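Chain naming follows the written order as A, B and C, and within any one chain the residues start at number 1.
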Amino acid sequence: MEFSYNWDWSVLFCTVQDVKIGCVAPYFYWIVEGFGWTIAVASAAWVIAFSWGSIIGILRTLEDPIWLRIPVVKSPVNFNTSAIEADNGVVLINIAWFLHGFATIYVTIFRNIPLLVQMFLWYFVLPEVLSKEAGMWLKRELPLPEYWTSVVCLGLYTASRVGEAVRAGINSITQGQHYAAMAVGLTRVQVYRYVLLPVAYRIIVPPLTSDFLGIFKNSSLALTIGVLELTAMTRQIDEYSYQTFESFTAATVLYILVTAIVMFVMRIVEGRVSIPGMISLGAK
Amino acid sequence: MNKTDNTAPSTETTSGVGMIRMNDVSKWYGDFQVLINCTTKVDVGEVVVICGPSGSGKSTLIKVINGLEPFQEGEITFDGISVGDQATNLPKLRSRIGMVFQNFELFPHITIIDNINLAQLKVLGRDQDEATKRSMELLERVGLIDQMDKFPAQLSGGQQQRVAIARGLAMDPAAMLFDEPTSALDPEMINEVLDVMTELALEGMTMMVVTHEMGFARRVAHRVVFMDEGRIEEDCSKDEFFSGERGERAQEFLSKILTH
Amino acid sequence: MESGFDYGIILKSVPYLAEGLVLTFQLTILGILGGLVFGTLLALCRLAPFAPVSFIAGTYVNFFRSMPLILVIFWFYFLVPFLVGRPVGGFWSVTIAFIMFEAAYYCEIMRAGIQSVKVGQVYAGQALGLTYRQNMQYIVLPQAFRNMIPILLTQAIVLFQDTSLVYVVGLGDFLVHADIVANRDNRLMEMFSTVAVVYFILCLLGTLFVGRLQRKYANE
């Protein structure tokens, strides 16, 4: 067994000027640009994942009914289910039941289809399913279609994970805390706003960190639909220069560096926001 | 007619309408009935102690009064307002009833002073200065003014429970509910909490207290309600309850908790 | 592009798709088995009282957990033939990539499982006079294993989904076979939605099974 590979680290440092003196391409610039796209995809997707995921997570904790009263002139039957009640000319619709159900179905769908398949659905299938005009707009007129598709795909996928973290955080708060918050006269929205959510977000810093790092790593899937992010760029360098392992090493170092920095910063954040006497939920 | 009117000799409690009235209240968890036709009332300025073996439904009884737990049959009114009525604004009603829990249930992520301020600001709409002033008065009163900037977990159980009482009082409630306020406390901390409660009772606060502290009941209660298996078995004046004119179950319960 | 949803093309490609699905399952099973074996070793190293050993195992775990799986697949796809000195075929390179990658995750699950056993249990075992080995064998590991089975299974479902990433090196798994048909016949909508539905059903069955297991454990 012989490892015969001619390492040539200088390829990584080829700049635009060096192209004139023998380099095939400005590889250094490619890496920087790819890294930039990776960050751009990951951070935009995180905005979606965090906000939408929080809503999904909150909806999944709605247990008590919220009745919407619809007065009807003539109610044919009286019946009583957890979703809809009909009683003497008034139909009551339990909005909480439907919202809770929607969020549960959302999480089930997005967690049980491989991310890469979801990426293809958004990129290849969605424009065909939509009306002709909308499909054309997605394909032709939307600026940076690959970028926005991967942002939306990653964001909505990770939202299902963020949702689960938020739900776990809220559910870890005892019934007694709910009661105490209600007993001082807070409304349901206020109970969430001032008691449940502030506590939940503080204890789910570790799983949220892991979800963010997940988005950062998963942004590499964007290369399959043509986003030239970090991993794609290193493949490109490999194809141009045949110096495979130098470019892979560079990408690896960058991924590890960012992960290490994020973990370091989030550990400080976790310490800052930690609630005396409470332990964070463990990272997934 | 109210059952209480038949059984309780009207010594201290003749005047006034009931601040809290329960009429024939029943509650089920699924198929299991936790409250069976419970009827009682608490008048203005009255202190009622509720006792009974564990699982007798006394904690549930106190939680249906401010609508924390729903009930299926009967009627409950607080100051004339029906708790079970769909149209009742429950948050608003609850803001007029202070409640103290077994496990204190202070909000762990905010400081002691903010715990007492929170509902004053968000529910009563007081401004920051006004709320803080009221909170500090109450902290002074429960002897914890020097702890105001700490977080709940940094206080002892007894201290946390006194803060919880202050949190309830900050809303200037018309009545206070206590759900086993000393059960989770180490023995040496029980008295500091009972002292605050006794003081409150003597000032004329309307109180409903679920507790096993019979000493407290003897000192300040006007009436004692004894529950067993979801039923109100005894509802009588304190003197009657402690003088021996009571049913077998209550007798048995009392001898158990007084001898250990 | 022809309009309408063409079910015929799906039916026609069932054998070809099934062939791809077999490779997906092969990768998953090899990844789980190899990952479990290697992951257990790593976990033992991580919990070892000898600092350098646990440090090396910890570094390995953090290294692989910081890397995108796609990059790991690329690394091994190119690196394994180099190391072996002859072409070994994409399948084995990728299988090794999955084993190495999954081992890092399995290691963490097992470590968490072992650490989830309460210290009081360890003391109780010691108080009964059990040796370290007996204590591990009869008290700690059975409880730990129980705690981690649902999480290990969930990770297996994640791996099953992740094997689709072999797309980037063109290995003929379920997705790649569907992709080939889709592009050949210009039937992207039919093929990709079929893939999505099949993956969804299989993963959902797995998820429901894990959920049932968890409830069963919770009730006991």
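As a working rule, a residue touches a chain if its C-beta (ideal position, glycine included) is under 8 Å from a C-beta of that chain, and two chains touch if they have at least 3 such contacts.
Nothing here was measured: the structure is a model prediction, and the numbers come from that model.
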{"item": "Chain whose Cα mean lies nearest the overall Cα mean", "value": "A"}
{"item": "Far-end chain from chain B, centres as C-alpha averages", "value": "C"}
{"item": "Interface ranked first by C-beta contact pairs", "value": "A-C"}
{"item": "Centre distance in Å when chain A and chain B are each reduced to the mean of their C-alpha atoms", "value": "46"}
{"item": "Intercentroid distance (Cα basis), chain C paired with chain B, Å", "value": "54"}
{"item": "Distance between the centres, which are taken as Cα means, of chain C and chain A, whole angstrom", "value": "21"}
{"item": "Residues within chain B bordering two or more other chains", "value": "none"}
{"item": "Chain A - residues contacting chain B, complex", "value": "174, 176-177, 179-187, 190, 194-195, 198-199, 202, 275-278"}
{"item": "Sites on chain B touched by chain A in the complex", "value": "63, 66, 68, 90-99, 101-103, 105-110, 118-119, 122-124, 151-154, 164, 167-168, 171"}
{"item": "Residues of chain A that touch chain C when the two form their complex", "value": "1-5, 108-109, 111-118, 120-121, 124-125, 128-129, 213, 217-221, 223-224, 231, 234-235, 238, 244-245, 248, 251-252, 255-256, 259-260, 282"}
{"item": "Touching residues (chain side chain C, partner chain A) in the complex", "value": "1, 63, 65-71, 74-75, 78-79, 82-85, 112, 157, 161-162, 164-165, 167-168, 175, 179, 182, 188-189, 192-193, 195-196, 199-200, 203-204, 207"}
